[in-house]
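In order of appearance the chains are A, B and C, and numbering begins at 1 in each one.
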Amino acid sequence: MVYRRALLQKSAFLLLGIMPLAGALLYALGYSLGLLGALGQGFTLRHWARLLQDDAFWRALLLSSLMAVSVCALSAFMALRLLPRLMPWWEKKRWRPIFYLPLALPPLVAAVLSLQFLGNSGMLARLATALGMDAAHFPALTNDPAQLGLGFTLLMLTFPFTLLVMLNHYKSAQLSELSDLAATLGASPAQIRRKLWAPVLLRRAAPTLLLSAVFMFGAFEAPLLLGRQYPAMISVYINQKFSRFNLDDVPLAYTATVVYALLLLSALAFFLHHQKQEKS
Amino acid sequence: MRRLPFIALVLLFALPFVYFGVAAFADQWRFPALWPPGWTLQHWAALGGGQWGQSAGLSLSLALLTGGIATALGFWTAHGLSQSKHARRWLLWAYFPYAFSPVIYAHGLKFFFNSAQLAGQFPGVLLGQLILCYPFAVLFFFSHFDQRLREMEALSYTLGAGPRAVWWRVLLPVSRPALLLCFFQIFLISWFDYGLSSVIGLGQVRTLTVAVYQYIMEANAGLAAVSACLLCLPPLVLLWVNQGFLQKKVEI
Amino acid sequence: MLQINNINKAFGTTRVLQNISLELPKGETLAVLGRSGCGKTTLLKIIAGLLPADAGEILQNDQRQNELPPQRRNAVYLYQEALLFPHLNVWENIAFGLRLRKTPENELKNRVEALLVHLGLQAEARRMPQALSGGQKQRVAFGRAIIIEPQVLLLDEPFGALDPETRSQMQDFYQKTAEQLQLSAVFVTHDLKEALRMGTRWAYLDQGQLQTYPTREAFVRDPKTGIEQEIEFWKNV
């Protein structure tokens, strides 16, 4: 009975958890090798060669990586800097919901908000006009070449979550008690922050930060509304290739999907390996 | 001065809700006006039979069904997987679909959904969201079935409870808070989803997020603001009930 | 009566139990002394049916138990932690086993009330487990086990998590209850004093091998148990 149930449970996971993804990836691999799909004419490495020569693909990977790393690093830095100043309010229960408020914001709505604030006729442009600035000179902050609007939006989505994680870890790591101890050993407040809080909190928040980076790497809604067509982030790049009328782009999209999956799998394997080592 | 960072934080965090709250009632709020010249309920008028009223209903049904089914199934599966010999390997295979970009996943699945004639249909989007959320539920409950709960289960057997009684009288009631938490978190994943719903739904299953995107493309700021308000409503209610409902337990 | 013949158990290449045999007549408590990792918990779990034995036989009143699932063995396993059901109050926690057996409501009520008196927990009957002290929790766990009149109680360091004073009170309580209700139990502990106090028979488990002793004296005298060393130490203080 118990064994039969365990078998059923594993089968359910295989069927609904693993098989769809495995199916999608095998199909993508078959397509990328010319074995499947409307354009499949037998085994070929042509699509792989084309993808690897596609400048837009490499730039998409680069942009996604840079965004993921810089946004996560910046949100961790901001959270660490602000933590001592925000801790007194976090400890008062009645202010706590404020810290959770951004989690109620869907990513798409956050992107729309940035669009309505940073766009050419957005709130910032209106404010600049009201202050006497010529609207024509207002810098483009959405779909801008430096992708500042996109970066800012991703940061606003990541920072509140990182801050919450660190605030939670502050308590579980007994940093308050450890700080008192460090002070009796002669550490100044700045030293306590730099030599105690930063290493302890970063170490504890590392798995969450890594997962955030993985999610950021595949972010879609914000780059779709605020990013540029070229270079685009990887989700938008793949989405573009799938959605174009040029049928020749579809095998490229599938090939890029396989590459994305391989990168993700490597990141997760690293993450789980790291966690296992931490635990042991 | 000491209060400045906190005040800035409050303003920043509350800003989206305030802005959409104002924009949803604003009339003719054109550039370069800093404040709406007048107020209207016109954007909300569609609530009864209008398009976004239907979108809200659709999103709600999807979120409730996805939340309910994925939570139940994830709970049941994680019970078995977490005590398996290769638990960590199963964990990797649960993380993989969970961390996969929903829009890329949806494109990968689209061929199968097209073949099964599920693309562009409500059941198709539901199945797509289940495929997306079920691994999350498994991950969620993986750590829930800890040593303590296992010992409680074993103790119940020795007290004379059969497998059915152990599930209905011990595991489920003991896990009620976790089940509730998982349900609400999956509800929100489904409620927030745009990428998968737009690809599998082919734009024909017009969930609230799909509607918001379309309103933005049509430059219909009023309806976009109303839809954005509606999208924020359930999470705000959950926040009011219990802030813990919003913070995903992604660490295992 | 519980009888165990030549039980063996290995996890991979590690042999955890080797040819374990013991007998436990009704109304007796077998105190098994052993250090952590000696196989005590594995032995209890095999008797309870929570783990299968690789070889050997478990008999209760001459009936073979090996193939029975834990819920049909009538052997209750108690952990170091009380593990009370957090969604049930004290009354319902104690009534749990009787409800499973569909005991008529009147009889159920009488038995639970009587046991609550015996446990000294009448005032706490409607409290939730979270509101109880460590000793009270452990007493409820005892009540929940003994109300179904198990053939044998399997106690895995049940007082290990309690402070010394509560621990001593619980030891008194157990002794009285075991005598009064003629309980049969295997009581596993790493505490010398507790083994001596709780047992009516004694055994020593080391590296998967069980040695039983015919008398308390033999148990005390065996240098392996470390009791004589302890006595020596106190004499020299």
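Following the convention adopted for this analysis, contacts are C-beta pairs under 8 Å (C-beta built on N, C-alpha and C of every residue); 3 or more make two chains touch, one makes a residue touch a chain.
Since we're looking at a predicted model, the values are computed, not measured.
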| item | value |
| --- | --- |
| Chain at maximum distance from subunit A, centres defined as averaged CA atoms | C |
| Nearest-to-centre chain - CA centroid comparison | B |
| Pair joined by the larger number of C-beta contacts - B-C, A-B | A-B |
| Where subunit A and subunit C are represented by their mean Cα positions, the distance between them in whole Å | 52 |
| Distance between the centres, which are taken as Cα means, of subunit C and subunit B, whole angstrom | 46 |
| Centroid spacing, where centroids are CA-atom means, of subunit A and subunit B in whole angstrom | 17 |
| Complex interface listing, subunit A residues touching subunit B | 1-2, 5-6, 8-10, 12-13, 16-18, 20-21, 23-25, 27-28, 82, 85-86, 89, 95-110, 112-113, 115-117, 121, 123, 125-127, 129-130, 135, 156, 160, 164, 207-208, 211, 214-215, 217-221, 225, 234-235, 238-239, 242, 253-254, 257, 260-261, 264-265, 267-269, 271-272, 275-276 |
| Subunit B-touching residues of subunit C, taken from the complex the two chains share | 45, 48-50, 69-79, 81, 83, 85-87, 96-97, 100-101, 144-145, 148, 154 |
| Complex interface listing, subunit B residues touching subunit A | 2, 5-6, 9-10, 12-17, 19-20, 23, 31-34, 73, 76-77, 79-81, 84, 88, 90-97, 99-105, 107-112, 130-131, 134-135, 138, 163, 191-192, 194-195, 199, 209, 212-213, 216, 221, 224, 228, 231-232, 235-236, 238-240, 243, 246-247, 250-252 |
| Residues of subunit B touching subunit C in the complex | 148, 151-152, 154-162, 165, 169-170, 173-174, 176 |
